[in-house]
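Have a look at the structure below before the remarks.
Chain IDs A, B, C and D follow the sequence of writing; residue 1 opens each chain.
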């Protein structure tokens, strides 16, 4: 029982960042119809920015976190502006190929810039964990969890309460109608991609200090994000949020009670189950076939 | 192959098209394959840095057989198939007469059939799996200790550390599995209870699930076998989960100074099996070699934590250079025969090879020293046992 | 007719290479390139002809490599507490055959499951499939040795034991083996796409509703394409395993799928020559870069940028671009010519 | 007019969400006739077509073709039973030549096993030769053989529409459904198309037509079914339809006057 509680605590904490990753990807897909293969690179970009500011420049941890996210947003906007804008209206395969090319170029630029040796980021939190009965949680992870929840809530508020969010939702529902109503589709696309990228960078910046940073961390982040959005249904934000937590629990319990080697396989097992029993994902808003 | 003038002309053309860079043969090339990227990148880079120190020292002293040596270092990306490709390239394209590599046991085991196929000697500087020298590959010469040697050296310490119940967390590759096997057998012989044996993928970064199970098992000592990147994470995460068990890392790729730098207080209280203790250079067999290496390492501004790893590359290159000297020519077969005759006063100790493996196709195995160090209050100390 | 002569000249040139290529290393590069070209040709069947962007293709390549290795090495696994399944080592040619069939069966299974969904879902499902297979190969250590890799894989021997045997070890025999398999693959794919089945695949790519209105069974055709494509990819994987003689779970990495995709789209998807041209470009290009002492990262960055540029500026690929420059007569044939007496009227 | 019924629609209803496209539709098509469905836009004609050919599932009702229920079958299964359609929006394989389009349309007539194809058996080569000859026949029948080698995407509109019919004919229909085949054609082209329909009829193919061009409808139909708002308001030969007050009110009125004048 004690062990289960500890596993559950571990899962909740990782689930928060998974949800961030998933929401970012699902937003970009839902609004832009782009399968974003660079998502994981934004994640590792966030983590490397954290390393650069905290470890190389010596900036304050919190300031660095904000900077990493802001730079992630900027990089996302740049990618959208340079690569995707001219492809608006192109079919999904074309944009996907471009994103794969961008992914390769970005990952190897990172490898060139930071070398293949893993970097670790020192966090300012005390090393002794918070102990709650049988469960112990490090302060760093707790911080990660809280920030992730705040970011999820902020994203919800942005989409539900602001003018930008309204325009994004309109674009999601019907791009042509939105354009007719005066929504600047170009700006919405840039904003969406920047926001999604910012969330991925935030996840990377948060988890960087928990784990280590190396150039290919983005790959597994991308794969996890894919699994999460399939679980939740492409384009569904609540789906991505809940999907993130489901994936984290599946992984943690699978690793704890089945076999640690299959930790990463759990997400894909879930995908297969979902495909068999509910092919539209748990929270899909639109028909997926066709 | 039959050659006629026209074909020869074509081949010149083709060579020109393919832009083959031709090097003048006034150097002796030595091949090195190391994981410079990927899961073992930190260690691989340290070994390569150590090898370059040896290259420069040897060349500063006039080289070998009147020629300078030239290292051709290839990145095997921590991947066995890539490792084979690098060896293929080193032998077929660069035509090196000897190779040092390939860091991890899995990588070394992967390249062994290739060196046998091309009959080029391989000096193994790091790998610890027993299989390497018992596979019947007469081109393999290992200067690093095997896991069994480590375990034998460790046995007297079992009582002193008062180990009652042990748990294992190791990578699921030849290095980790071989080490866990050797240590668990040694522990069992001493009557120690073996609890959970958890494994991890060499690329994994989150061990909270494994550590939670280990914590629940109630072991008093946890043996961890992997490279320094993962050890850092294991120490940090063990502290986060308040794992009380004493952590002992095996295999010598643990770079204690780097652990102190990166894991901070989480490293306190952990023990580490190393093959070179730069903190007390006077206890080693050849202090002059050790000090010369250490001075140069520091002078070059390399990561201090890498010193316990870099010396492997340093010794490996010295061993090959010495064999070339003894052989009198830079040819694979001659170097292979000469390796049986050399004695190198290296950082590992006095390196010389004894026969191991099936009769008639023995591999060479060196018997180096093994040390156990402890991290206390952010410093490496000689544990008082 | 011109086309046939050109093809034969091209094959004759390829056959001649080992006679004048002095440096075995370049032969090695050509062998590996050839294996990837076979895989790319098989991918082209799905990507180019049926128009399905399958990004899990490396799964079939890797399955072929693992199956062929395991059958030729033999194995023993414990499935249930008291049941062991074991297989004694089998001849390599047999192992390769099993690999092709097994990969084809995997193709059938994946086709049945994943063609329920299209578009982005299909892509993600195929990526996931490759990842699942990689994780299985990594963790089912009793069978696959996990990250320790399957080592010492035997090489192919053909002929009658102790009478006449060819051993495919070393560069020259392996080169000819790969060349023969590549020609075989080309012929199979060419026959397929120029037949009723191939036209049905192209019909799906061009206009799925119309295709089904004239009686094309969408699922059946897609599954057929996947089976053939998977089987040929498995063959490429088996060749790879018996050439490099080691397989590890990284054979399933996404980057290899990407390499195949780049080859196909650079050369020209949906053309027979496309994967060959693309494969040669991307097989030899890294060696040229290496000749200029370019770091591997820069090489990969160049790949990525090239891929983007091709999608922007040469979306159909190199082969169609060249074809549109050449006078038509030279490049006739290829993709289905008209009935003889129609040709003159129709294409004059 | 006592030919046997080949297609029988019974109580067909089609709903999308809350919207009813077709309501309780019942009519029969008889062997060898040309039956036209008319009605204002949104009357449910195309939805009925889609349901008959399996592109959408009806919410209720039966579709029986020569004694076999088509409901629940996939389009290709329905095509295999001889019911083939064209699409309202021009739909060809635009990347292929005209000849290749028709050859592709011959899918159902081919007899080639995948293994035989890959082995390159002579039977496959013979089958291909046969198919090519048939494709050529169809191009000639439709009258577009002169441009057989041109890519479909480069064709003028009128020929594209003919190509659609050729592709459908290639599937060897016994019942051909044409969805507004002459929309956008000029009068000469329309007249030519009417003679083409005559040639198709002569082959013994039954035709179900949706069309707005009243001159053509009145000229070639044996019988006309008029739909309005998802329901049948008339089912009669052209001469009677022209006089039917409800048809005139709902749909025909102005159009017909224009077509006559």
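As a working rule, a residue touches a chain if its C-beta (ideal position, glycine included) is under 8 Å from a C-beta of that chain, and two chains touch if they have at least 3 such contacts.
What you see is a predicted model, and the numbers here were worked out from it, not measured in a lab.
Enquirer: If you walk touching chains, what's the least steps from chain B to chain C?
Expert: Minimum step count, chain B to chain C: 1.
Enquirer: Any chance you could check whether A-B or C-D wins on number of contacting C-beta pairs?
Expert: Greater number of contacting C-beta pairs: C-D.
Enquirer: Distance-wise, how many Å sit between the C-alpha centres of chain A and chain D, to the nearest whole number?
Expert: Taking the mean C-alpha position of each chain, the two centres sit 50 Å apart.
Enquirer: List the centre-to-centre spacing of chain A and chain B in whole Å, with centres computed as mean CA coordinates.
Expert: 37
Enquirer: State, to the nearest whole Å, the distance from the C-alpha centre of chain C to the C-alpha centre of chain D.
Expert: Spacing between the chain centres: roughly 41 Å.
Enquirer: Could you put a whole-Å number on the gap between the CA centroids of chain A and chain C?
Expert: Centres of chain A and chain C (C-alpha means) sit 33 Å apart.
Enquirer: Provide the list of chain D residues touching at least two other chains, using ranges where the numbers run on.
Expert: none
Enquirer: Residues of chain C that touch two or more other chains: which are they?
Expert: 138-139, 146, in rising order.
Enquirer: Send over the residues of chain A in touch with two or more other chains.
Expert: Residues 111, 261, 264.
Enquirer: On the basis of the stated criterion, which chains touch which? Give every pair.
Expert: According to the stated criterion, the contacting chain pairs are A-B, A-C, B-C, C-D.
Enquirer: In the complex of these two chains, what residues of chain A are touching chain C?
Expert: Counting only chain A, the residues touching chain C are 29, 33, 35, 83, 86, 92-94, 96-98, 100-109, 111-112, 219, 223, 226-227, 229-230, 234, 259, 261-262, 264-265, 268-269, 271-272, 275-276, 279, 288-290.
Enquirer: Show me the residue ranges of chain D that touch chain C in the complex, using the header's touch definition.
Expert: 53, 55, 74-77, 79-80, 84-87, 91-97, 99-100, 103-108, 110, 112, 114, 117-118, 120, 124, 127-128, 131-133, 135-136, 145-150, 167-168, 170-171
Enquirer: State the interface residues of chain B toward chain C in the complex, per the touch definition above.
Expert: Answer in residue numbers: 1-3, 7-8, 10-11, 14-15, 18-21, 75, 79-82, 84-85, 88-89, 92-93, 106, 109-110, 112-113, 117, 171-174, 177, 201-202.
Enquirer: What part of chain A is in contact with chain B in the complex they form?
Expert: Its residues touching chain B are 2-3, 6-7, 10, 14, 111, 115-118, 120, 122, 127-129, 131, 136-138, 140-141, 211-212, 214-217, 251-252, 255-256, 260-261, 263-264.
Enquirer: Which residues, counting only chain B, touch chain A once they are in their complex?
Expert: Going through chain B, the ones touching chain A are 36-38, 41-42, 45, 75, 172, 198-201, 204-210, 212-213, 215-216, 229, 232-233, 239-242, 262, 264-266.
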